[in-house]
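Working notes for the structure below.
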Amino acid sequence: MEDKVISKADFSSMVDRLIQEGEYDSIEGVKTKDGKYFFGSLTNSGELCLDYDVTLLPPKKYFLPQRETVITFRQGERPAPEPVAEASSVVLIGVHPYDLKAMELCEAVYSAPPADPNLMIRKSKTVVIGVDCLNPNPQSFSASMGFATTESGYDLMLTDIGDSYVVSVGTDRGADLLARYGRAADATATNLARRDEVREMSLGRYEKSLSMPADEIPAILNETWDSRVFAEKSEVCLSCGSCVMVCPTCVCFDVEDTVALSLDSGERYRKWDSCMLTDFAKVATGENFREDRESRFRHRMHRKGKYLLERYDKPGCVGCGRCGLACLVDIALPADTYNLLKEAS
Amino acid sequence: MKPKVAFFDFTSCEGCQLEVLNFEQEVLQLLNLLEIVNFRELMTERSDDYDIAIIDGAISTDADVARIKEIRERASILITIGACSSLGGVNCLKNAYPMEEVLSVVYGDAAGYYNTIPARPVSAVVPVDYALPQCPVNKAEFLEVVKALLLGKKPEIPNYPVCAECKMAENACVFDLGRTCLGPVTRAGCNALCVTWGRHCWGCRGLVDDPNVDAATDVLKEHGLTAEDIVNKFRIYTAWTGGSE
Amino acid sequence: MTHLKIDVHHVTRIEGHGNIIVNAKDGAIEEVRWEVPEAPRFFEAMMRGLHYHDVNYVSPRICGICSLAHNTASIEATEAAFGIQPSEQTLLLRKLLFHAETLQSHVLHSCFLVAPDLLNVGSVIPLAESHTEVVVRALRLKKFSNDLADVIVGRKTHPLTTVTGGFTKFPDESALKSVRPRLLEAIEDLDRMVELFKSLEMPDFVRETEYIALKRPDEYAFIGGDIASTDTGSTPPENYLEITNEYCVPHSTAKFTRHNRDSYMVGAIARYNLNHSQLLPKAAETAAQLGLTAPCHNPFMNTVVQLVECVHAAEDALAILDHFIARGVKNEKPIEKVQAGRGVGVVEAPRGLLIHDYTFDEKGYLVEANCVIPTNQNHMNIQKDFEALLPGIVNRPEGEVKLLLEMLVRAYDPCVSCSTH
Amino acid sequence: MEMHLTPQASIHLPRLAELVRAEDITRVERVYEFKLADGAELGHRPGQFVEVSLFGIGEAPISISSSPTKRGTFEIAVRAVGNVTNALQKLEVGSTVGIRGPFGNGFPVEEFKNKDLLIVAGGIGLFPVRSLINFVRDNRAHVNRLIIVFGCRRPEERLFCDELATWSQCEQTEFLETVDTCDESWTGNVGVVTSLFPKIDIDAEDTYAVVVGPPVMYRFVVNECLKKGIPEDQIVLSLERRMKCGVGKCGHCQMDGSYVCQDGPVYTYSVLKQMKEAI
C-alpha cells in the first residue's frame, strides 16, 4: 500500500482529535511512569511517548486481558449459562513491530479451530497504529528474529524521521482513519530514503543477538534436550513466572468460577497463567508433570523456540527482550540459552 | 441451616477483625449466609456452639496455648486470618531476643509480673484447615474463602510468588527502581498491593511452598543488602521456623 | 446477706481484652478492679535493630484501629530525629488522613459498639432489622471514611504510601473528585446520627479529673503541638515523660500512668475540654444541639463528644479536599535524610494522646523506642471512675450494675491490645 | 475473509445436561448418566472426553464411559478427588450440569477393524476403555478377538462388577482379571496386570493393544506388549494431563509440542516414544 508523511505536530493534533471526537471508546497509547513505559488510556496527545524502548506489558492485554469473564450463570436448578465477550472500539497507538508479530501469533493460536471469539472480536474492533522501534532495549534481540521491522500486522505504521513520521498504510481501515483525522501528504523519495536510513541505523543499536539464524533454533533444541545448560541456568530460577507474564507471545490461562455473595449467580473467568509456576502441570491426585525447575525452564525454551513455531508456523518468541528485563536472576532471555545450546552442540 | 461462625482473637493488633467489620456493603448479605455466634469485638452474646472458628492473632502466652486447643476441639473447621495467626506475624520479631530481655526492656523491674513465650502461628499448636495470611487479612480473599466453604469447595490460596501478580498489575519492578523486595519468594494473592502503592513487598503472606531462598538472597545481596539487612528483611514476617502441628 | 459478685471475663464490644471484677457484701464494696490480661507484644523491644522504614511499617501494627495515628506518630518521631521538615502538602495530606481515621473510628465506636447499649440490644446485628436506616447510614459513613483513606494510603488498616519525609504515591484529581459528593453525603448522614443521639439518654455520672490533650494555637489539635493539661498547662512534647510517668501493676499487662492526680483522662472529652473554642462552626453548633457544655466531666459523654468531632473532621476534610481539587496534588519525592538522634512524635489518636519516642543510630537503625498509648493513660481513670460510680449503684440488680460498668468501659473506647503493644 | 464471530461461538460455553441416573461403584467412584437438555446425541467416539461443569464449582475433564451405541444418554464414571469430582458425588438426579465436548481424538476404532484387540485397563483406566469395550461388543464383527485384561489393587476396588461378570461369561470375549493384594475370599489371580501376560497367547502382528491406567503402569505393560511382538504403532495409550479449556488454548496439557486435549489423549507408542515428557 501507499506511504504517506505527516508532521509530528499534525500527528499530535490527529491524536487529540481522535480523543475529542469520541468515535472510538478509547484511544490507547504508550505513556510513562516511574521511568518505564506502558500502554494506557490517553487523555491528550502530550502523554504519548513514541520514542520508547519497550513497554512493561505488551499490548496483548487489550486482546487477552489479565482477567476476563467468559461465561455468567445462575446457581441452582436453571443455571442458564451465557457467553460473555466484552469488546470496545479502540485506537491503539505506538505498537512496535515485534509486538505486532507477537499479536499475529496470538491470533493464530486463538483462531485455530475451535476459534476463540473473544480475542478475535477485540482484534477486529481495534485500529492499530504501529511505530518502528528505533532505540531497542538492552535485552532486545528482535532484529535477529527478523522483527526489527514488519510488513504486516498494522493498520498504520509510523517511522520517526525527525520532524515528521513516514506513515505506511497497511489496510483500508488505516487509510480511512488517516484521511479522516490526519493531514498527511504523499511521502517523497527523500522521506522514504530517510526512513530506510533510520531503520538501518537502529539495527546497530541491538545489544543482544542470536549467534545463529533463527530458523536453526528448532534443530538445536532437538539435539540438546539433555544439555546441562537447562539444569545450570534453572538452578537459580525463582519460579516467579515474571518472564511469562510480560511475554507478548504467552497465551496460557487458568479458569476459575466465582459466585456472588448471594450465592445465586456467578461467573467463570480466565486469567493469565504461567508454565514457569510450580503447580502449572499439577493434577488433583498430586502428580506434577513438570515438578522441577529444570523441566519447566526447558519447556519454556522449547515452547518459545520450537513448539509454537511447529504448530502455528510462526515463531513463539519475537525477541522483545521483556523476559530478560523482568528476570531477576538473568536467565530468562531465550537468545542467551539458544546461544549457549548452540555452543554446546 | 446456616453454619455457626465464631471469631476469636489472640495476640494481635485486631486489624484483621476490623477488616472483617469493614465489609460495610457485604456484611448484611453475609449475615444471611452465616450465623455469627461469637465476635467479641462486635457483640455481647457468646456461644460455645460453632462449626467454623476464625482466628486472628498469634499464640504468645501459655494461656493462649490452652485457649486455642479448646477452640480446636469444638470447631470442625478452623481458619486463621491474617499474618499473625497464619505465620506468627510481626509478633515473632521478639523471638530474636531472649524472653527475659524483651520483658525487662518493656516492663523494667516489673518484668516478673508477666508471662510470655516465643510467638508462633496457630498451626504450631493445633492443626489449621485454611490459613489466609496477609497483614491485615485480605477482605476479598476472606470472602472468596467463605463462599467456597459454603459451596463445599476447597478454597484456592495461590502458591506462586507475588512477582507474577506484580507483573500483571504492570508495576515497575522495585529492584529496577533501586530498592529491594521480598516479592520473589512471597506467596501471591494480594495483587502486589504494596508495590502498586509505591512500596515493596515485606512478605506478609509468608513464603510460597517451595521458595528459592538461596537465589532470592543472592538477588538481595546483588542489590546492595548486607547479610544482616537480609535477616532483618525476612524476620518481619517469616521469623517462625518452628514448623507446624 | 446480699453478695454482689461480678466477673466480666473479656468485656465485649471493645478493642482487646479487659476484665471487670466486683465484690460487694451488703452494699459494702470489698473489691472493684479493671484488669487488662491482654497478651503483650513487646514492640519497643522487638523493633530494635530495624531500619527506620521498617519501623514506620511495623509500628502501625500496634493497633489495627488507629494504625494511621501510630504510623503518623512513628513517622513524625523519625522526622524529628533526622531533622526533616515535611512539606506543607505532606502535612495537609496527613491531616486529611487523620480526619478519615477519626471519622471511621468514632463512627465504629458510637454506632456499632455503644449504640446497642443505649438501645438495649447485645450488638448491632439486631439493629440491622430494627433500625435499618441508622445502620445503613453508619455503614455508609464508615465505608466512606475508609475509602477516603484508601484513596490516599492504599488501604485503611495499615497504610501503605505514608513514609518518613512524605508519600510514595499521590491520589489523582479524579479520585479526589469522586470522593467529594460522598463527603457531602457523609455530612448529611452525620446530621442524622446527631438526631439519633439527641434522643438517647446517657447515664448521669460526674467525676472531675485531670484532662490532657495536644494543644495548638492555630487549630483543634490532632497532629503536633504541646501537651496541655487542665491542671498544669502546657509541656513541650520532648518532655512527655514528666506527664506520663508510666508504672506497672500486676493485674494489667498494660502500663498505667499518673500525672498531677491519681489519674488523668485523654481522648475526645479531654480534647474538647482543652480546645472546644477551636471547633469549626458546624461542630460547635452540633455540640450545642447535643447539650454539651465545656468543661464536661461525665465520661459517658465521650461518645457524644466523638460525634461532635466527627462533624469537625468532616467539615475540615471538605476544606482540605477542595484545596487539593483546586490546586492539584504535586508528585513530591519523599525527603530523605538520616542522622543519629532521638525524636518524639505526638498525635491525637481517636482515643487520645499518642506518643512515639525513637532513638536511631547514624545509619537509621532503631536503637531504642518508647510508645505511650492513649488507653494506657486512661486505664487508671477507668479504675477511679469505677470507684466513684459503684457506691451509688451497688444496691441495684446485678445485671444493671454490670451493664453500667461495661458501658463506662466502652465509653472510653479503650484500645486494649494497643495499650499492651 | 469474513468472520462471523458471535458470542455463541464461545469456547467456554457448555451445553446443559440433566443427570438421569447416578450409582455408586465404590465408596469414592460413581457412575453418572446424563441426557443433553436439547435432546441431541453427544456424538462421541470411544476414548473421547467431555468437560463437565458444575456452575460455581468449576470444570473437570472426564472420559465418556458409555459406548456411542448407547443412544439418548451417555455415562461418565468419576473418582472423587477434588472440587468438581467431590461435588458431583453430592449431585441429585434431575440436576443440571454443563457439558463441553466431546473433545480429543479417541481410540483409532477404524484401524481396529478385522484385527485382534487386546485391552489392558488398570484401576479407573477402565472408565474410558469401557466405552470401547461396549462399542466393540455391540459391533462384535468389527474386530476378531476381543481380549480384556483388568487389574486393580484389591477386590473391593473392582469397578462395574456386573459388567465384569458379563464379560467373563461371554463366549466371544476373553476376560482376564487380577488384583494386587487380597484376603482369602478372592479366588482369582493375584499380582500386577503384567502377571497375566504369560497367560495371553496372541498373533502379535495382527493385534492392537489398548492400554489405559495409572502412569506407572504404562512402562511395564508397554514392555510386555513389545516383548510379545506387538508393533509399536499398534500399541495405543490414553494419557492424563492437567486441563482447563479442552480446546488447545490454555496450555496446561501440553506435552512436548502436543496438546493432549486435542492431539490426544490417545497416542500410539510409536509417537509417544518420540516425546520426552510422555511416560
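All chains are identified by letter, namely A, B, C and D, in their written order; residue positions are counted from 1 within each chain.
Criterion: a contact is a pair of C-beta atoms (placed from the backbone, for glycine too) under 8 Å apart; a residue touches a chain by one contact, two chains touch by 3 or more.
Since the structure is predicted, the reported quantities are computational estimates derived from the model, not experimental observations.
Asks: Enumerate, in label order, the chains that touch chain A and chain B alike.
Replies: Of all the chains present, those in contact with both chain A and chain B are D.
Asks: Count the C-beta contact pairs for A-D and for B-D, then tell me which is higher.
Replies: Counting C-beta pairs in contact for A-D and B-D gives the edge to A-D.
Asks: Compare the CA centroid of chain B with every other chain's and tell me the farthest one.
Replies: Farthest chain from chain B, going by C-alpha centroids: D.
Asks: Where the centres are mean C-alpha positions, what is the separation of chain A from chain D, in Å?
Replies: Between these chains, centre-to-centre, one finds 39 Å.
Asks: Any idea how many Å lie between the Cα centroids of chain B and chain D?
Replies: 44
Asks: With centres defined as the mean C-alpha position, give me the chain C-chain D separation in Å.
Replies: 66
Asks: Go ahead and note the Å separation of the Cα centroids belonging to chain B and chain C.
Replies: Each chain's C-alpha centroid was found; their separation is 25 Å.
Asks: Taking each residue of chain C in turn, which ones touch at least two of the other chains?
Replies: Within chain C, no residue contacts more than one other chain.
Asks: Which positions in chain B touch two or more other chains at once?
Replies: 151
Asks: For chain A, what residues touch not just one other chain but two or more?
Replies: Residues 256, 258-259, 263 of chain A each touch two or more of the other chains.
Asks: Let me make sure I understand the interfaces: which chain pairs count as touching?
Replies: Listed in label order, the chain pairs in contact are A-B, A-D, B-C, B-D.
Asks: For a test of understanding, state which residues of chain D touch chain A in their complex under the given definition.
Replies: 3, 5-14, 16, 53, 55-59, 81-82, 85, 95-96, 98, 215, 240-242, 244-245, 247-252, 254-257, 276-277
Asks: Mind pulling up the chain A residues that touch chain D in the complex?
Replies: Listed in rising order, the residues of chain A that touch chain D are 70-71, 73-75, 77-79, 81-85, 109-110, 112, 114-118, 120-121, 124, 225, 251-259, 263, 266, 268, 270, 273, 275, 280-285, 287, 289-290, 295, 299, 302-303, 306-307, 310-311.
Asks: Using the touch definition from the top, list the residues of chain B that touch chain C in their complex.
Replies: 9-19, 21-22, 24-25, 27-28, 31, 36, 39-46, 57, 60-61, 63-64, 89-91, 93-94, 96-97, 101-103, 105-110, 113-114, 116, 119, 135-136, 193-194, 196-199, 202, 229, 232-233, 236
Asks: Note which residues of chain B are touching chain D in the complex, please.
Replies: The touching residues are 151-154.
Asks: Which residues of chain B touch chain A in the complex?
Replies: Touch list, chain B to chain A: 26, 29-30, 32-33, 143-144, 147, 150-151, 156, 159-161, 163-164, 166-168, 170-173, 175-177, 183-185, 208-210, 212, 214-216, 218-219.
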